[in-house]
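Naming follows writing order (A, B, C and D), and every chain is counted from residue 1.
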Amino acid sequence: MFLKFGHLEFDTVPKSKLMTLPESIDRFVPDGSSVAMCLCLESLIPFAAAHEIIRQRKQNLTLIGPISDILFDQVIGAACVRKVRAAWVGNVITGSCYNFRRAIESHSLEMEDHSNLTVAMALRAGAMGVPFMPARTALGSDLFKTNASLKTITCPFTDIPLTAVAAIKPDVVVVHVQRADEYGSAHAWGNLGVTRDACLASRHIILTAEEIVSPDVISRDPNRVITPGFRVSAVVHYPWGAHPSPVPGYYNRDHQAFIDYRNESKTPELFDGWQKRWVDNIQCYQDYLIALGEKRISELALKHHVMSETVDYGY
Amino acid sequence: MTKHNTKKRDWTFAQLMVTAAAREIADKEVVFVGMRLPLLGFLLAKSTHAPEAVGVYELGIVRDTLAPEPIMTMGDLPNLYRAQWLADTADAMGLLQQGGVDVSFIGGAQVDRFGNLNTSYIGGTTNVETRLPGSGGACDLASLANRHIIIMSHEKHRFVPRVDYITSPGFGDGDGWRQHVGLPRGGPSTVITTLGILRFDSNTREMVLASVHPGVTEEMVTENTGWPLQILPDLTQTPEPSEEELAILLRFDPQGYWTGK
Amino acid sequence: MFLKFGHLEFDTVPKSKLMTLPESIDRFVPDGSSVAMCLCLESLIPFAAAHEIIRQRKQNLTLIGPISDILFDQVIGAACVRKVRAAWVGNVITGSCYNFRRAIESHSLEMEDHSNLTVAMALRAGAMGVPFMPARTALGSDLFKTNASLKTITCPFTDIPLTAVAAIKPDVVVVHVQRADEYGSAHAWGNLGVTRDACLASRHIILTAEEIVSPDVISRDPNRVITPGFRVSAVVHYPWGAHPSPVPGYYNRDHQAFIDYRNESKTPELFDGWQKRWVDNIQCYQDYLIALGEKRISELALKHHVMSETVDYGY
Amino acid sequence: MTKHNTKKRDWTFAQLMVTAAAREIADKEVVFVGMRLPLLGFLLAKSTHAPEAVGVYELGIVRDTLAPEPIMTMGDLPNLYRAQWLADTADAMGLLQQGGVDVSFIGGAQVDRFGNLNTSYIGGTTNVETRLPGSGGACDLASLANRHIIIMSHEKHRFVPRVDYITSPGFGDGDGWRQHVGLPRGGPSTVITTLGILRFDSNTREMVLASVHPGVTEEMVTENTGWPLQILPDLTQTPEPSEEELAILLRFDPQGYWTGK
């Protein structure tokens, strides 16, 4: 990459961060890590990366996120998880998730109960570099009983009671985006949830991307960039890496897969079968696409396109 | 769902509940939209008497038009199409925390006479009988909206004198509790159940039966409630969904996934 | 506007918020208002709106912003201001501003001394609906002496000392954007500073826009929308409304105007002449463009265009 | 500017100061870039020994390439061109507050022996002699960067025993003060003036003269300093800007607005 300034040219070759999914998880998600995922809530959920975490049989992870749809349940079912810090763990369109239920009811999983707002504020506190953030939610609730990251305080200006939410600073955040360059700059669009805060709050950032594009495409629209590229640790090319959750601009939500998962995770034995079929038998995105099948892929593809108007960053 | 002693009817109780939810929304109100029946209620209200209602979703979505296709979750792509604003959860929920949300909807697994909701631990936290998914945004909606509406199945083990765990605060142990703990505003205004509609006494903050659904008797409600339920002197019958409402609902839930039999 | 859903059509006609600049200032900036402006720091500064505030001879305003470049100095010079809550009041490329100096040195202006970060956090606290936000800046500084919105507190989790920054909730925020529709939805791009937080924190929002466009243009890219349109009070069409500050996509910074202003504000008499020429003699943007002159306008126009890549919001 | 007893030279003291500032930046460092001379110093460093330095600007800009044209302010449009990130001030400054910024630069009107800076009130707050513009981001940079560098004119009325008002905290009243007041890290590492370069004693945290610019004597510095200035035993002479550095600087400041005579 050349930096041009008038007649001067400086040859700086930034290091590519492009790597395989197994390499990214191996390097940046050691056993015992705290991992933030599922940060857009119902869309752009990094299922492919979570499945790689399962394949590598990571141990003693702490999972962080607002709601996780079925992703946390899968990682819990594979016995990778020691603790969950979340507002909701379930299947958005069917209700409870069974691995999570079994783990909590058998006391084999530690739970820190948040609300969506307290997760958002905890990550925002981490992003902003402050140890806590005051909130007006949850007062009088029992979240305080099962979440040591919440305390009541008194406002120094107004004397009203407030909830103090301790900062969360994950070891690593895993984010699925629409397009990234190999140096870690990426565009994401749609409902972003707590993604931007979580990226700023985390020590490492792993991006999985539908497409790897030229740095030119990204840098022509820096307002769309999800987080500063210099803070990103790994970029992985992984089309359909958020299936069955939806990816704006790429594919719709696969509702049937969520319904199927409910049935296929009702018992530990059923879940083992699900894991073998959808996780352990998959080595790369090509395998996954074959398992999905062409018919399903074409059914989920966008039928209507709505293109944004361009903007000018000229001078 | 509770078994009903029903005569022949061309609507489901889920449809009736959605219709009742829609009627709780006034035009131009800012509505914090949850999942499932509440989402349908919002869409129905916007399609009928509240076309200028604005929806705020915790995923970071604000929209004031209908999605162009039926949606199953808030994050379905049609729900992003021509949204008024796509942003961060902390900012969208900032509108809620500021007091900018008029009304929100919450589902519940267990509720008590003061409208406190439990969607976390049945049996309590030390002897967990059933672990439920948790708060999600429900605790925030119950804490911070100017009023919130509860939608749930009316069963005796769900309508208990005191919830095992307060996930989403109602009126705590009665009048004055919310002010005492520091909640800035709000509280539950309505509980829409499979059997009837309940509201809260403005003095005691205790739940009171306000209407029963067609085919449901007062006794069916009291038998399915775990405490001696107060009943409004002018108890009415919940209006049935109109044909127009049912036609509109069918467009939002064409497979009957949420509102079918 | 028609909302289409399958075969159903609902005719809702949202109210247009389009109005003239004088009308918007008259209605939403009453005497005594607290007004946030200059929220992108050095760009998109709403000079036209500030000049209308001067023409209407508003009284006892409180001005809020991080740095203001020369805008605050102009409104102070016109005797509209009682108090300033800001981190920096000066002329970015020349240094001190004279009206501000004179006002403070003669004790006719109340000052609340912030840093850029405390302004940003105060507005973010307002946006998030909490009465304060903790920060790690300014400890040991004398900002605490001249800013009652700052207090020291102890972190309830870590016991470390922190700066508590009280929320700022302006009565009205004035924002210049690139394009808006008549209902209050608008796109802004470039460095956004504290604009988004300030919009969410304020009771009223006045937008001045380079262009008024069809709602279709805005709604095809909702991630680019600066703040939810339903919260906007007024939309004003005012091309070149941020001159001499730069507007990404429209015009470059007019450095000479800032240098000229330094010279033309050295004494109250000189400032009177400046105000007569550049504010009181101007009634509309056409007047202003004539005063600027074609040569200057073409010099400031963009010479290089850099267009963003489109994204798809389809389904 | 202080009058210098100079021999003929082909550079200005402003150019020398910018060159010295650039040399304080190591490659790959994250630099919080201020206005004027510091901005030029960052651009010069990126063009020479620190091509992978990353710039963070309080306007909400992160960039790791040079702007394609000379800029006078951080908000000039060429500074947005192909930026790595454009975002909110609170987020960009969040990087700073987290401790993610290695080095920052601050200008000052008045400094004291412990590196505290005043850019607000000369004469104090009750009897204001001169009101200066204020902190801007300076207080934050001085509070939160891992180290910060002060650039200012060396005059006796500016180098005072104790500043009238601490806008941007240095080492307060000496060693341990920053920890005591709760500042999380950092402190001034270097003061680059029109006469020389000063650093801070690691025990006392007092300013110490480390080098004098070509043509400047030790006495000229002590005479222009308002307290008995400590001098490093191995006092050196500040290196002159090289021809290459001057050529590069000319591209960034072609009119000599900031670095001309």
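Rule of thumb we're sticking to: a contact is a pair of C-beta atoms (placed from the backbone, for glycine too) under 8 Å apart; a residue touches a chain by one contact, two chains touch by 3 or more.
Being a predicted model, the structure only gives us computed values, none of them experimental.
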Matching chain pair for A-B (criterion: over half of the contact pairs shared, by residue number), options C-D, A-D or B-C: C-D
Inter-chain centre distance, subunit A versus subunit C - centres from mean C-alpha coordinates, in Å: 35
Separation of subunit A from subunit D, taking each centre as the mean of its C-alpha atoms, in whole Å: 40
Centroid distance [mean C-alpha coordinates] between subunit D and subunit C, Å: 29
Residue list for subunit A, restricted to those that touch at least two other chains: 121, 128-130, 135-136, 160, 162, 189-190, 192, 196, 220, 223, 248, 252, 302, 304, 306, 313-315
Where subunit B touches two or more other chains at once, by residue number: 68, 76-77, 80-82, 86-87, 90, 93, 96-97, 144
Full enumeration of touching chain pairs: A-B, A-C, A-D, B-C, C-D
Contact footprint of subunit C on subunit D as seen in their complex: 35, 57-61, 68, 72-77, 80-82, 86-90, 93, 96-97, 120-121, 125, 128-140, 143-144, 165-169, 172, 177-178, 181-184, 257
List of subunit D residues in touch with subunit A within their complex: 30, 46-47, 51-52, 54, 62, 64-66, 68-69, 76-78, 80-87, 90-91, 93-100, 144, 248, 251
Subunit A-facing residues of subunit C, complex: 121, 128-136, 149, 151, 153, 155-158, 160, 162, 164, 166, 178, 187, 189-190, 192, 217, 220-221, 223-224, 248-249, 252, 302-315
Parts of subunit C lying in touch with subunit D, wherever the complex brings them together: 40-43, 66-67, 86-90, 92-93, 95-97, 100-101, 104-105, 107, 113-117, 120-121, 124, 135-143, 145-146, 152, 160-162, 189-197, 245-246, 248, 252-253, 255, 302, 304, 306
Contact set on subunit C toward subunit B in their complex: 3-6, 8, 10, 12, 14, 127-130, 185, 196, 200, 219-220, 222-223, 225, 227-231, 313-315
